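Below, chain A partners chain B and then partners chain C, in two separate complexes.
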Partner chain A sequence: MEQQFTLTSEVRDNCLVLSTSGYVNNVGGEKIAEEFSRHFEGGTKKVIVNLAQSKVVNSIGMSFLIDIVDQLNDAGGKLVFTNLDPAVDKMLTIMGLFQFAGKAKNVDEALVSLTTGN
Partner chain B sequence: MKDAVSLKISLPKIRDIELVAIEGLDRLAHHLGIADEKIGEAKVLVTETIINALEHSGEENPSVEVEFTMTKQELIILVKDYGKGFEPSSVEDPDIRGKMGTKDKRGWGLKLMKTMSDDFRIESDSHGTRITIKKLLS
Partner chain C sequence: MKASAPTGSHAHQLLNQIESLQDGFRKLSKAATLKDLADQFASILNRIFPNTQTHVFHRVDPGEHWQKHNGPGQPLPVPPDDLTDSSGYLDKTSRSICTVQRLVDKSQIGLVLTQRSGTRKYSDADVVSLRLFVQLFDNAYQSLLYRRKEKELVFALNHRVLQLNSLIDTGIEVSKLYQRIALHQLALERAASLTNASKGLVRVTSKNGVKEETFFPVGERTRKVENLSHRITSSFRFGGKTYTFKLFEKESRHGILPFEETDQLLLDALARQVHASLENRYLHQQELEKQKIEREISVAASIQQRILPEALPVIDGYDIAGINIPSKLVGGDYFDCISLPDGRYALVMADVAGKGMPAALLVSSLHAYLSAYLETHMSLAELAGRLNKVICRTSTPEKFITAFIALLTPGTGDIEAVNAGHNPVYWMKNDGTIQELKASGVPFGMLDLDLPYKNEQIRLGKGERVLLYTDGIPEATNQRSELYESASPLVDFLMRHKLAPAELFIKDLIDDIKSFTGDAPQSDDITALYLVRK
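After this line comes the complex of A and B, so read on.
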């Protein structure tokens, strides 16, 4: 069974990289939002969410990420999703999230996109 | 259905119980030799259907009945709750642009179920709601 949710956080090239493991539900979404807020209040406006180790997510968990995307867009920032499972990618596409957030194959690609604008 | 395997479970309203159904789905797929990548979208459907049903299952019978019938070609998902029901046509599809700038970012379950499934049926009355989903696997 999918492991319990864990979140790791690091700052690379002035970008906040949030990497999840396990099921992203309401509890996981809230933990991501709390960690984001801590950095956002300190001025961070570029965020990468790496879902490589999260093969199961739900729409309630994702609603917290929509809120983060909303806050970042208001502040002139950007969020990029990476390492998406094809089913999660389709889910976010149906939700329309990529109209407001980016996606990249992996964290390194996302860092290039956020730091060079490519 | 020929060569079908089925699983029926009653899920109580406890945190992350939908993962038990996901585990069951994995076992059925493994038994039939269906690759993991073919059931990824089915997992989203199962998760969304169950959390939606548990949220609306009511206080008197806070559980949902789940049934999977799987062949190599397709999966039928049946989820029933015993809540007060709702009028499906009264639920508007959410739109991401409409969600931006508001506090309400939720309400995606039905849209995901309808869009990701190959057939979707919903029957609801004052005794509960029954959702039937078909997902092609081949």
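After this line comes the complex of A and C, so read on.
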């Protein structure tokens, strides 16, 4: 069952890894966007969003994720989503996010994808 | 194809300038935000007006202060307030020019161009040029708004598809869940996600108050969510309980919004899915229980049928007939006429308290023990005592057997009998009277207190008869719930049919009972054994 939202971030191999826990809604989306902006302004263009602990995303939270994807694409960067719950995976697919963002099983796989271009 | 001109020539410079402008216009048309647009536009203007600093302002309403989107910081050369839409302005020193343009969404853009150094002055022609370029900005801004609108429409369309898809998926997932709490959680998660609610609650109440509450997200508390102003509710009743689904505070990126009609429809649909799932689960359990009972009845019926005699023995000098009509629920009636090695016959009539498999098993036990004990030549009283003990050991206190067991010596007509709490057996004597052979001991399996069973001895004269039966006959009921015994006492029937042969007597008895009960369902087994000494 979904908890209150928390966010952790780390930089691995020049990639920003954002790991969420709980409901990705307006509050969650804002926190993700703020953390992303902080790193984006510092030059980070490769981002992994690990949604392992988030089983519920609403469209407001998703709009923040779309903004991040747009900003990265405009800047020649890339975002990869990982550890997706099937329901969230389907949601992001229907909303068209995977036309502009990647998807990987886990963070390690995403890191390989972002650092080698595979 | 790219145009070419000698390097350094005026034409070459002009071509470069045109290419640069074309590139600028391409970028302008692709700007994703107003700031991007302002940056790109300033970049173009800086190429058109050399040595210029471009300041781009925007305001949603003419009454508002200008918001700066581009150019150096303080001091801000804000467009003059008296500058009207679609007009240009050249200041007295010709060091700056400015213009204001009303855009397609009624907002305004203000442009101020200032000289970096004092080497050049702007002219009226520059003001006209600026007016022309600001039209380009308006076009690019329209394009930005269209793209943004298109993006919003695609997002909204996708979101509707998502809502529909999720509704279908949730219906399938909900039907697979068997834990009620998990059912509530899933429905809450989906409802909150699809309506952008920030919080949710499922409350189950009965007449005694709140039975359970499930929150989304976990950790919310009743008092906190109930104080929230924007909410929608959907509820249903099932199994004596009320299930209420509540969603609170519809989110947007600009604050909390009132819920829409669609949100209420979605919540209602999800609540209906949970309701249907609970009903289906209940019906499924009922069906399983019904199937289990039917299997049990089938097995019990088959056990009982194997124990009951296929045909009664032919006893020289006697006419005997019996019948067992099991009720739908399979009772525990048992009758038999067992030929013993010493030439005697054991007449048995028994009725187990209860129905179904337990009753059938107990009948089976009685049959087995009785068959074994009858071969030992013990007295009937001792046999009854032993049967009582073994039935006490092998059954629960609420399961007991009433039984009438008699040993007939055919040559003399002597009958030795014990009645373990069973209905009285009717002995129709030649003098026209009917004597009851009443209970002489407690039912088997009721009390393990070594209470004695008393033998009763009678001698059946020629032409005399005995009727053994179970309570399914006197307690047969019609559709008005009247008892057969009350309307038509068995002794009266006996008197009316005292000359009938055994087979006919049984047939007439059953016909009489059926005529009385009519279409009322048979509630208990009907069993009878009729013996006539010829």
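The rule is short, and it goes like this: the second predicted complex is superposed on the first by the 117 of 118 C-alpha atoms of A that agree within 3 Å, B and C clash if a C-alpha of one lies under 4 Å from a C-alpha of the other, contacts with A are read in each partner's own complex, and residues count from 1 in each chain.
Rule of thumb we're sticking to: a contact is a pair of C-beta atoms (placed from the backbone, for glycine too) under 8 Å apart; a residue touches a chain by one contact, two chains touch by 3 or more.
Here the structure is a predicted model, which is why all the values come from computation and not from measurement.
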A:96 touches, of chain B and chain C: first, second, both or neither? both
Chain B versus chain C as contact partner of A:6, first or second or both or neither: neither
Which superposed partner A:37 touches (first chain B, second chain C, both, neither): neither
First, second, both or neither for A:25, with chain B first and chain C second: both
Which of chain B and chain C A:115 touches, first, second, both or neither: neither
Contact residues common to both interfaces of chain A (with chain B and with chain C): 1-2, 23, 25, 27, 55-60, 63-64, 66, 70, 74, 87, 90-91, 94-96
Contact footprint of chain C on chain A as seen in their complex: 1-5, 22-23, 25-27, 29, 55-60, 63-64, 66, 70, 74, 87, 90-91, 94-96
Contacting residues of chain A [partner chain B, same complex]: 1-2, 23, 25, 27, 55-60, 62-64, 66-67, 70, 73-74, 85-88, 90-91, 94-97, 99-100
Touching residues (chain side chain C, partner chain A) in the complex: 32, 154-155, 158-159, 161-162, 165-166, 169, 185, 189, 192-194, 196-198, 216-219, 251-253
Chain A contact footprint on chain B (complex, rising order): 15-16, 18-20, 22-23, 37, 40-41, 43-44, 47-48, 51, 94-97, 99-101, 105-106, 108-109, 111-112, 115-116
